[in-house]
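The same chain A turns up in both complexes below, where it pairs with chain B and then with chain C.
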Partner chain A sequence: MKIGEILGKIDRRIVFGFMAIVVIVPFFFPLNVTGKVAPPSQQLFDAVEEIQPDSKPLLISIDFDPQSMPELYPMLKAILRHAFSRNVRVCMMALWVTGVGLGEAALNEVAPEYGKVHGKDYVYLGWKPGFAAVVLGMGKSIPETFPTDQYGTPLESIPMMRGVKNFRDIPYAISISAGDPGALTLWIPYVQSRFGQKLGTGMTAVSAADAYPYLQSGQLTGLLGGMKGAAEYEHLVAEAGYSEASKPATQAMDSQSMAHLAIILLIVLGNIGFILTKGRK
Partner chain B sequence: MMHLSPDLWVWVGALLTLFVFSFLFGDNPFYKFAEHLYVGVSVGYMIAIYYWNFFKPDLIEPLFGRGELILIVPLILGLCYLAIFIQKFSWVVRIPMGFVLGWGSGIAIPAVLQANVIKQIQGSLITSQTLAHWNTFVWSIVVLIGVITTVIYFFFSREQKGSLKVVANIGIIYIMIGFGASFGYTVMARISLLLGRLQFLLRDWLGVIH
Partner chain C sequence: MMKQGIPRLLCLVAGIVMIVQFFIPHPISEKIFSESLRWVRIISAFALVLGVRSITVHHGTRIIRKSSGWGYSLVALVAMVVTAVIGLFGGVDPHATALLPTSIGGFSFHLQVLYANLMVPLGATMFSILAFYMASAAYRSFRARNKEATVLLVAAFIVMIGMVPIGSAIWPKLPDIAQWLLNVPSMAAKRGILFGIALGSVATSLKIILGIERGWLGGGK
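Right after this comes the complex of A and B.
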C-alpha cells in the first residue's frame, strides 16, 4: 500500500487514541504555555475594574447550560472572584433554565472565599421564562420583573437592591453566553441598543467569532472567547493579586495548544494523502 | 498518587462520562442508557424549575392567592396551546401563536434593525475618532473594504464580470477568512469540552492531577 493510501485510510480509533494521548500528557507534564492577553479580554477586565465598590451591582446573566461548562464556568468564577475581591456587588440572573443551578453553584463556591453574604454583597434573581420579555421588563423595572429572588425573598427587602430600579442602575452587565438566547441575540438588540446598557460578554468559542463585529462597533465593551478567554481572565485576576485559587482554564490551555498542533498535523497529513492518491488516479 | 473520590455522585458522573465516550467505538447499550437518562433528567429538572420559578410565583399565587383576575387571560391563552392534542379543536392553538408571533415580530424587528444594521453601518464608517491613531485607521480601512466587497459578492441583480467580479472575489477572500476564524474557534470549543471532561475524570474522580 502506498503512503498516500495509508494516510487517507487511518482508522478513526487511532486518531482518537492519538488525540487522547496528546491532550492527557500535558496535565501531568505542564508546558506552562503563556500567551499574550487579547485586548477584548483586557477590556472586559478594565470594565469590571471601573465599577465602584459597595455601589450599584454588576449584573451577570447565566445564559448557558452544563454542556458549555468547561469554557464558561471558569470565566464565571474568575469574574466573580474579580468582583468580590474589589467589593463590587453582584446581581446574578439566568435566562437558560438549565443554567440556574450553575449560577448558584458558582456563587456558593466563590462568595465564601471572600466572606460575601447573600443579600448584602450579592443577590441571585434566578430564572424567568420569556427571554426578550424578561430583559425588556428589567429595562422598565427590575423589581417588577423579579419580585422575589431565587429563594423567594422579596427584592424590596434585600438591602443591596434598594435603589436598583432598572438598567440605569446597572453600571455594567455581562452575559455568559452559549448561544440563543444570549449576548448576540438578546442582550445586544434588546438591552444595549434599546437602553444603552454598557455590555460585555463571555462566549463559547463557537460563537466568539460572530461577536467581533459588535466589539468593533462599540456595542460590546469586552469579550472573553472560549477557554482561551477564560484563561486570560484568570491570568489577569491572579496577576492583579485578586485571587490565588486554582485556574482550571489556564491548566487546560497546555492541552489545548498541543491538541491544536496535533490537528494541524492531521490536516497536513490528510491533505498530503489526498494529493498523493489523487495524483496516482 | 491516586486519590479516588469518596463522593458517590462523582462516581455516577464519571461512569456516565465513560458511557458517553464509549460511543467513539460505536453505538452500544451503555451510551444509549446515558443518552436516555440525560434527556429524562433534563426534562424533569426543567419541569421543576418552571413550576417553582414561574407557575407558582407568577400565576398560582397571584391568581388564586391574591385574586389578580387579569391573569386569567394569559392562563387561557396558555391552555389554548394544549388544544393541539385534540384534533377537533387544534385550530385554537392559532390564537396564542398569533399573539406570540405578533408580539415577537413587533418587538424584534426594530431592535434587530437597530442593533444589526444601523449600529453595524455606523461601526463600519471612518470617523474622526478612527483617524486619530494609525492602528485604528488601518483596521477601519480593512473593515470598510471587507464590508463593501462582501456586500457586493451578495449582489445578484447584475452578472458578476469585469470590475464587479474583481471586487466580488475580494469579498470571497474576506468570507473565507471569516469561515476560517469560525472553524478555528469551533475546533477550540470542541477540544475544550473534551478537556473539561478529562479534568473531571483526572482531578475530581481519580485525583491524579490538582
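Right after this comes the complex of A and C.
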C-alpha cells in the first residue's frame, strides 16, 4: 500500500487509542502551561466583583446536565467560590430538571468551605416546569413563581430572600448553559431584553461562539467559554486570593490542549494522504 | 370545522392579546400577563404527565411485543418508576423525615445518591466518547478539497490552538488572532443568521396567529 493510502485510511481503533493516550497522559504529567485570560472571562469576574457583599443575591441558573458537566461544573464551583469568599449571597435555580442535582452538589461542596448557611447565605429554588413562563414570572414576582425553595421552605420565611421581589432585586444573573433552554434562548430574549437584567453566561465551548454577538451588543456582560473559560475563572479567583481549592478545569486544560493538537495532527495526516492519492489519480 | 376552528380562534385571540399586552404597560395588561403565565405553568405541568404516559406506552408496547432491544425498554421503565417513587415518597432533602426511608444502615438510595452515582457518570460517559468520534470524523472528512475548504481548515486550526493555553506557548499572538476570528468574521456571519432567524420567527408566528400556517394543528399529510 502506498504512503498516501496509509495516511488517508488510518484505522479507527488507532485513532481512538491515540486520542485516549493523548487525553490521559497529561493528567499524570501536567504541562503547567497557563494561557491569557480572555476579556469575556475577565468581564464576568468583574461583574461578580461589583456585587455588594451581604446584599441582594447573585442569581445562578443551572441550565445544563451531567453530559456537559466536565466543562460547566468547574465554572459553577469557581463562581460559587468567588461569591462566597466575598460574602455575596447566592440564589440558585435550575431550568434543566436533569441539572437540579448538580446545583445541589455544588452548593453542598462549596458552601461548607466558607461556612455558608442555607437560607442566610444561599438559597436553592430548584426547578419548575414552563421554562419561558418561569423566567417571565420571576420578572414579575420571584416568590409567586417559586413559593417554596427546593426543600419546601416558604420563600417568605427565608431571611436572605426578604426584599427580593423580582429581577430588579437581582444585581447580576448568570446562566450556566448547555443549550436550550439556556442563556441564548431564554435569558437574553426574555430576561435581559424585557427586564433589563444584567446577565452573564458560562457555556460549552461548542456553543460559546453563538454568544459573541450578544457580548458585543452589551446584552451579555461576561462569558465563560467551555473549559478554557472555567480555567480562566479559576485562575482569576485564585489570583485574587479567594480560593486555594483544586482547579479541575485548569488541570483538564492540559488534556484539552493535547487533544486539540492531536486532532490537528490527524487532520494534517489525512490531508497529506488525500493530496498524495489525488495527485496519483 | 369545530376541530380546527376553535383551536385557531383560541390561537388568534391569545396571540393578539399577548402582542397587545407587551406594548401597553397598563395594570389590566399586566394582570393578563401574570394570569397567562400561571396558565402556561399549569399547562407545562400537564405536559409532564403526557410525557410519562408517552414513555410508558412506547416502552410498554415494545416489552409486550418483545421487539428488538425490549430489555432496554424494561430497564428504562423500571428506572423511571423507581426514581419517581423514591423522589415522591423519599423526598429531596436527605436530612428531612419522609414517608419512605431512603437508607438502610450505611446503604443510601436517596434521590441525590442515585443521581450522583448513576445519572452523572452515565451522562458524562455519553458526552466524553464524543471526543473520540469527533477526532475520527474530523480526520476522515476534513479535507482541503478546494479554496473555501482550505480557508475553513486554516481558520479551524488557528481557533483550535489559539483557544487552549498551549496556543500562547507556541506563539503569544495566536490567542489574539483566534479571538479576532471569533469577534469579526464569525460574528458577522452569525449576526446575519440571527437576523434571518428573527425575521423568519416573526413571519412564522404571524402566519400561525392568523391561521395561514396550520401544520401545528396536525392531521395533515
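What we mean here is this: the second predicted complex is superposed on the first by the 281 of 281 C-alpha atoms of A that agree within 3 Å, B and C clash if a C-alpha of one lies under 4 Å from a C-alpha of the other, contacts with A are read in each partner's own complex, and residues count from 1 in each chain.
The criterion applied here is as follows: contacts are C-beta pairs under 8 Å (C-beta built on N, C-alpha and C of every residue); 3 or more make two chains touch, one makes a residue touch a chain.
Being a predicted model, the structure only gives us computed values, none of them experimental.
Set against each other, chain B and chain C differ in how many residues of chain A they touch, and the higher count belongs to C.
By the touch criterion stated above, A:Thr34 is placed in contact with chain C alone, chain B being left untouched.
When the shared chain is aligned, chain B and chain C each come close enough to touch A:Ala132. In the superposition on chain A, no contact is made by A:Ala245 with either chain B or chain C.
With both structures placed on the common chain, the touch criterion links A:Pro147 to chain B but leaves chain C unconnected. Of the two partner chains, chain C is the only one touched by A:Leu261; chain B is not.
When the shared chain is aligned, chain C comes close enough to touch A:Asn271, but chain B does not. Of the two partner chains, chain B is the only one that A:Gln192 touches; chain C does not reach it. Contacts of A:Ile24 after superposition on the shared chain: chain B is touched, whereas chain C is not. After overlaying the two complexes on the shared chain, residue contacts for A:Gln219 are found with chain B alone; chain C is out of touch. Looking at chain A, you'll find residues 16, 19, 23, 67-70, 98, 126, 128-129, 132, 136, 150, 152, 205, 209-210, 213, 216, 225-226, 228, 256, 259-260, 263 touch chain B in one structure and chain C in the other.
By the touch criterion stated above, chain A contacts chain C in their complex at residues 10, 12, 15-16, 19-20, 23, 31, 33-36, 38-39, 65-70, 98, 101-102, 104-105, 126, 128-134, 136-137, 140-141, 144-145, 150-152, 205, 209-210, 212-213, 216, 225-226, 228, 231, 253-254, 256-264, 266-267, 269-271, 274-275. The touching residues of chain C, when paired with chain A in their complex, are 30, 33-34, 37-38, 40-41, 44-45, 47-48, 92-93, 96, 111-112, 115-116, 119-124, 126-128, 131-132, 134-136, 138-140, 142-145, 153, 157, 160-161, 163-169, 175, 179, 182-183, 186-187, 190-191, 194.
For chain B in complex with chain A, the residues that touch the partner chain are 24-25, 42, 45-46, 49-50, 53-54, 57-58, 104, 107-108, 111-112, 114-116, 119-120, 122-124, 139, 143, 178, 181-182, 185-189, 191-199, 202, 208-210. Residue ranges of chain A in contact with chain B, taken from their complex: 13, 16, 19, 23-24, 27-28, 67-71, 97-98, 100, 126-129, 132, 136, 147-148, 150, 152, 188-190, 192-194, 204-206, 208-210, 213, 216-219, 225-228, 246, 248, 251-252, 255-256, 259-260, 263.
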